[in-house]
């Protein structure tokens, strides 16, 4: 059986997030796989995960950052990995995380959800069923 | 015969005066002397007077280039620096043509009928800007005050026509083939070369007009192309039998008339655009149809005539030229003119599209800027009515020009081309389709922001997005036309300049670096060689004539 | 009588287009719409409400229909009256219809329409070159290019057999003139949303469909007259059917040229054929 | 429908014109959801809907029928409404699958609408979580019968209750529509 894809984990604090990403890039993890956000709603914190891959050796690393749910702010890594540009915008829209010195400026007006006037939909405390029936009207079964 | 020509000249002048008198912004300083000079040339009283008229015309053009800056014309077009070399460019060619004219007059002892007539032909070819001598026309047209360019391109560029057609007017009988020409010492092969050259000018100029991005340049190259048509027709009428000559001469006269009728309103329009829009680049102009639809419907017959499409006059004259060229057997030059004809359709559409139908991008233009357009209605209307008359009933116009066309060469155009029935059938069918259109389901008019592409983004909600496709309209044509770039006449001069500078290195002292001095030296050298005597019977010239006749044979 | 001629041309044109649809469907192993499908399309389109962008689009549509109908009147088919034109005048008369469509698309401020129109005019530049060479060839070998004379000259032998290369060259130019697939980059739906016709709906599209009927009739009838010795109307009809069958089969089995390659192709291959025929005749 | 003299004649030739309209349907080739995959097999040689006179066209101006094939997200709905308004009457809307009827599989999603009927007048629903080509052709047969019988299409309802539809649309998009 081909060996599973192993991810080395590393917990990182917000302050030295940028340095660790730059350091991993220097060590050869030059490929930015993806970046997601896990919403631990009951424990009241977000966990943003950066996945990097070293193309030469084939190793993968996962950097996990904890940050408070209310006014979540993160430094933008788009300078190092341009690919992160769009994924940071998505997290900003879906989870309401603000990214400092993001190349497109601070106020990221919505791209995915056009003219979205409500709070970010992917947060756990957002009840989509209730929202859908409120906005898109009661469904008829007659 | 000469008096007939004066009548035509005066008719031309009255026409151009009438058209120009109705435009409020006229720089009289350059038009009156130019018209006067042209009148002298048309009067054909004696070669010296002809030369005087010729020079007056050259000088007025020279003055109008310099006057451009001070005559209050908007200085928007960055011309001041480049105007200096435009002046040099024009002066060198005007001098060259004057030199050849002088040589003709002195050698022929002040009489028209002389074996040295081809010098006058070369002089008129330079004035008409045929290929080797075409460099000056476009820069001069675009750096002059456009209202004078209108007069210039309509009347003055055809000044050489009169000189070329002299043998037909003074040569009297046409019984034999081409005998009118032999009496003037013109070699048929010599004329065949010029037919080939002027049709190549038509093609080359049309190609440049299609690919240009500037409105005035487009109109100037189109003038150069039409002048190529006219000179090809003129040379053809010189060098062919009676029936072909009559068709060619009528075609030339009609084409000159059509071209004059089209170019005066178009250049005046360009003059308006240059003043109001501040720029003449085709991608920034636009929106004229929204401002004055009436003007568009007046300009439409003229555009149709320039493209040579049936109901208008251009079709008749182009058909006459094509058929006479085919009957005379000049297949290569017919092919060149034919492709130039199709290209004219392309750049006429580009002219209409980017001037009338694109969105008005200049928001600085207020409503009353366009009130001035109503001054254009009458002259454009007069010109388009006359083009339609030429298109529908050309025999009416050829009778009017009968004094300009010697009696034996007159031609009833309707016999050859049923223009009347085409126009009548077309009118009936348009009425029928309008009727069918009316009885079909109804329709509603929609603003031009409501179109299919706006489904992606509402154009009416964000007006700053301009969705016009205008820059590089025929860009894909650049690659197929690569071969024409190699035949680029401008390269001809560069090659000549390279050779002169390096080849004659021992004349380093004379090489002052500007090629206008070289033109001057050549004319001096030619002048001196004349007095050495029978230079033209030397073996080298006969050999050149052999090559010319072989190439021209095509 | 000429009104009868126009009706005849309309019916034959519609039938030809329907016939063409059927053949191209059968080539793709599809059953294909009924042969009278174009007639139904026209009736439906003429009865649909539509939008217009201004007077010039209406004028353009009228000119397109009138220009193509005028072309029909210029084709010498024996019982019907016709205007006797020669090939050069014929090319310029056919320019009225394309000018009409061009004006219509200019009024529509849609960039797809302008790009489509620029491509259409470039393609026109492409296929005019072989047509001009054909005119030169006719003058060179026969001394005349008027359609009626050419038809009578073919009494003893069709030009298709006397000058096979010339007719092959003109056949390729015919494909481009009719906008059939090897050269249909202009109005192909998958290109820029059917090019110049992007804003034509309802009765305006109906007018352009009628223009297409007349244009098909005219192109095929012209080839029949020039190279197959056109005669009475049913002779010409038979020749048109066979010709259009071959055109559609060729059309539905070739991919599409980019507009610039189409122009270059038209300048090289058909012109080469005509010039080769020149050499054959001259020597 | 005021459609000029022809339509007045049309009342006399009523069924002739309706026959022509039913046999020549131009479908807008605009794939809004997962059902668009079914359109190509219906078009090509195996099922061949062109034999019924149904042809795909590229622009809303030329189209009669607008296909809503599957779920409709907010962003697509905005473009679909603009395309529908650019189509020329008489025009029809055909909804594919359960997502257009009642929200279907994505009933609780924040991005896709549940009831297409609130925003566009739908003339025909074809059931099936993406109907197969046979179902699509069967659906078009029903639509053709409807057109042939001359029944007023959904677009008359759209024009009559314009403000109701517009109110629903503005609920989603504010004044951007």
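A few points about this structure:
Should a chain be cited, it is by its letter among A, B, C and D, assigned in written order, with residues numbered from 1 in that chain.
Rule of thumb we're sticking to: a residue touches a chain if its C-beta (ideal position, glycine included) is under 8 Å from a C-beta of that chain, and two chains touch if they have at least 3 such contacts.
Since the structure is predicted, the reported quantities are computational estimates derived from the model, not experimental observations.
Averaging Cα atoms per chain gives one point for each, and the point farthest from that of subunit A is the centre of B. Chain pairs B-D and B-C differ in how many C-beta pairs are in contact, and the one with more is B-C.
A simple rule picks the central chain: find each chain's mean C-alpha point, then take the one closest to the mean of all protein C-alpha atoms, which gives C.
Taking the mean of the C-alpha atoms as each chain's centre, subunit B and subunit D sit 56 Å apart.
Separating the centre of subunit B from that of subunit C, both taken as means of CA atoms, is a distance of 33 Å. Measuring from the averaged C-alpha position of subunit A to that of subunit C gives a distance of 59 Å. Subunit C and subunit D have Cα centroids lying 34 Å from one another.
Among the residues of subunit B, those in touch with two or more other chains are 440-442, 450, 452.
Contact with two or more other chains is made by residues 3, 6-7, 59, 61, 86, 176 of subunit D. Applying the touch definition to all chain combinations yields A-D, B-C, B-D, C-D. The part of subunit B that touches subunit C in the complex is made up of residues 289, 293, 296, 300, 304, 307-311, 315, 318-319, 322-323, 326-327, 331, 334-335, 338-339, 341-343, 345-346, 349, 352-353, 356-359, 417-418, 421-422, 425-426, 429-430, 432-434, 436-437, 440-446, 448-453, 467-470, 473-474, 476-477, 479-480. Note for the complex: subunit D touches subunit B at residues 2-7, 9, 59-61, 79, 82-83, 86, 176. Listing the residues of subunit B that touch subunit D in their complex gives 438-442, 450, 452, 454-456, 458, 461. Taken in their complex, subunit C has these residues touching subunit D: 21, 25, 28-34, 37, 39-41, 43-44, 46-51, 189-190, 193-194, 197-202, 205. Within the complex, the subunit D residues that touch subunit C are 1, 3, 6-7, 10, 16-17, 19-21, 23-24, 29, 44-45, 48, 50-53, 55-59, 61-62, 64, 86-90.
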